[in-house]
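Think of it as A, B, C and D in the order they're written, each chain with its own count starting at 1.
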Amino acid sequence: MTKNRLEAFSDGVLAIIITIMVLELKVPHGEGIEAIVPLWPVFVSYVLSFIYIGIYWNNHHHMLHACNRVTGGILWANLHLLFWLSLIPFTTGWLGENHFGAVPSALYGAVLLMAAIAYYVLQQVIIHSQGADSVLRRAVRGDWKGKLSPLVYIVAMASAFRWTWVSLALYVFIALIWLVPDRRIERVIDAHK
Amino acid sequence: MTKNRLEAFSDGVLAIIITIMVLELKVPHGEGIEAIVPLWPVFVSYVLSFIYIGIYWNNHHHMLHACNRVTGGILWANLHLLFWLSLIPFTTGWLGENHFGAVPSALYGAVLLMAAIAYYVLQQVIIHSQGADSVLRRAVRGDWKGKLSPLVYIVAMASAFRWTWVSLALYVFIALIWLVPDRRIERVIDAHK
Amino acid sequence: MTKNRLEAFSDGVLAIIITIMVLELKVPHGEGIEAIVPLWPVFVSYVLSFIYIGIYWNNHHHMLHACNRVTGGILWANLHLLFWLSLIPFTTGWLGENHFGAVPSALYGAVLLMAAIAYYVLQQVIIHSQGADSVLRRAVRGDWKGKLSPLVYIVAMASAFRWTWVSLALYVFIALIWLVPDRRIERVIDAHK
Amino acid sequence: MTKNRLEAFSDGVLAIIITIMVLELKVPHGEGIEAIVPLWPVFVSYVLSFIYIGIYWNNHHHMLHACNRVTGGILWANLHLLFWLSLIPFTTGWLGENHFGAVPSALYGAVLLMAAIAYYVLQQVIIHSQGADSVLRRAVRGDWKGKLSPLVYIVAMASAFRWTWVSLALYVFIALIWLVPDRRIERVIDAHK
């Protein structure tokens, strides 16, 4: 029951985050193609962030699948994750509005980094709550994506000030490696059923 | 459990899409009837898109009813569908704001076309996941509406540049043929119970 | 299962409607009391509409409690109700923005009237789907509130052009008589258990 | 069933409130660091209010856990609580927009005070509905946080006009004492299982 409500609340927040981002795509006043062409950076940022939120929803979904008991710590670690994700519409809008400028690119990475850390913290809190026999611990063993992503975000943030396009390419790269669905957790759960 | 969460997330996103569209109906400053009369194209676009989102919710609902197991591929095919639907408030706003101009009408159809393709992809992914004995495959056999709609969207997009009103009439026509509730899936499920 | 999803979608839409109304309460630029005092008509309209949406949520909740089977007709009758309710943030904003002017007051009543009719239609569709032994039919027998409200809305709309304050008083009056929770449905359900 | 829907609706409203607050963080036009530095008061207000909504979600969650039966009175007491919480995005935006001015600080506290009272009323309505053997009554016995908070809000509101920073420090202080998760209710429920 408790887990249901945690999932429902998280789903609600993620659904709203993913949807209000589209509000940054402001309806233009002209009616020709030339009126919407300038919106392409906002659109591209939207696509990228949509994929990121989709990845988080997907992984969050799998992680909670491997969680049986919800503690107060899990509730707050989850809210902490949602907090950083809730800033993505802002950083996405700023990135698009400024045609992928240096500081917006770095800030975009900073929020992704904080979200990745918050995700890791949530994972550890759940593992800790499950004790020595944690299903989740086994599932995320060898999680190279989870370890690689923060490092790449840091590199991307640093390169934003010099080679902004490298920074953006790195964000796209990380999104792509995560798009491959994470079957590890499912596999471990199946193996121990 | 997994399916519940997929449905809940989709419902959340669809509920937000259908509701934020109304925000394009900007509160006017005057207080006479003449202040709201100019809003009629925005209102008409809103009604049309409300019906389209309602149709998608309705069909999505029936399709998932015929789906037992949720795979990673289904999750992403579903997010892909939600992505295109999330652009409908934008195209609706642009259509209304510009009194059904040519390019906005064509773009409106383009997003409907992409959503129809995404819906079809999701359907195929679910059928594929169900294997040879797919309930959904049997249910959608002879789905002339699903095959007709993309063709009509393409015709409507092409005619938008020449006869914009034909294009709009075609969008209304497709909405009307879908409004008739889809009882095929229910019937096949009942038949195989 | 099906009913759950109908309820979840309706709850989502109603939750969004009730919350986005508050966005009409625009954050003022000044920081003194004189900066927020002019917002009082927007605030009062917000309170009134919050109560109306609350009443609809409450009654919708009770009505679906007395509904076992969801048909395609019920899905669309429900979407029709949600459509009219989704216009309430607009009429509320217009009413507040114009300090309860004549036309905004009449339009506010018109949308309430359409929502009341849509609610009645939904009720009839559910009763029809339940057949001769409908629990809901018995529950709503003698529903004087449901019959009185549309009449009062019509009177309020007419009086808006002459005595606007009478019109507003009537909207408050109807909200108050509905605030008394509707125990009839619960009672009939209990009696037939 | 009934409780599920009450929780789902409340979760929906809270998820929207927590997420639309971020819309006050307006995307700036410049692309340098100097463009976002002025946003810090809005950001800080957002963090504070995010924590407050998180606390309410958390406590609401625990309180409803100790509630078995939903009455009409509980539905309305819950809507009353959601009403005051729905004003938090407005007071948060005003507080941030005006760099923590005196009147915005006092109003921020006023809405927190009303929400605290509404929470208390909801708690009493649930306790009353449970009769003499109320699990919730035992659980909240010795609830010093619930009793302290309104008093501190009143002090903070009064001090806002003279020492605004004291007022803000008090809001932070109350948020911090609530961040410690409330294990009392869980403990009493466990003890009586």
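What we mean here is this: a contact is a pair of C-beta atoms (placed from the backbone, for glycine too) under 8 Å apart; a residue touches a chain by one contact, two chains touch by 3 or more.
None of the values given here were measured: they were computed from a predicted structure.
> Subunit B-subunit C contact: same residues or different, taking over half shared as same?
Different, since most residue numbers here occur in only one copy.
> Suppose a student superposes the Cα atoms of subunit C on subunit D; what rotation angle should they report, nearest 5 degrees?
With C-alpha atoms aligned, the rotation comes to 90 degrees.
> Sort the other chains by how far their Cα centres are from that of subunit B and give me the top one.
Centroid comparison gives D as the farthest chain from subunit B.
> Averaging only over C-alpha atoms, locate the centres of subunit B and subunit C and give their separation in whole Å.
26
> Express in whole angstrom the distance between the two chain centres, defined as the mean CA positions of subunit A and subunit C.
Their C-alpha centroids are separated by 37 Å.
> Among the residues of subunit C, which ones contact at least 2 other chains?
Residue numbers touching two or more other chains: 8, 12, 15-16, 20, 23.
> Across the complex, what residues on subunit C touch subunit B?
Those in contact with subunit B are residues 1-2, 5, 8-9, 12-13, 15-17, 20, 23-24, 71-73, 75-76, 79, 82-83, 86-87, 89-90, 93-94, 97-98, 101-104, 107.
> Sort out for me which residues of subunit C touch subunit D in the complex.
Going by the criterion above, the answer is residues 7-8, 11-12, 14-16, 18-20, 22-23, 25, 27-33, 35-36, 47, 50, 54, 57-58, 61, 65, 179, 181-183.
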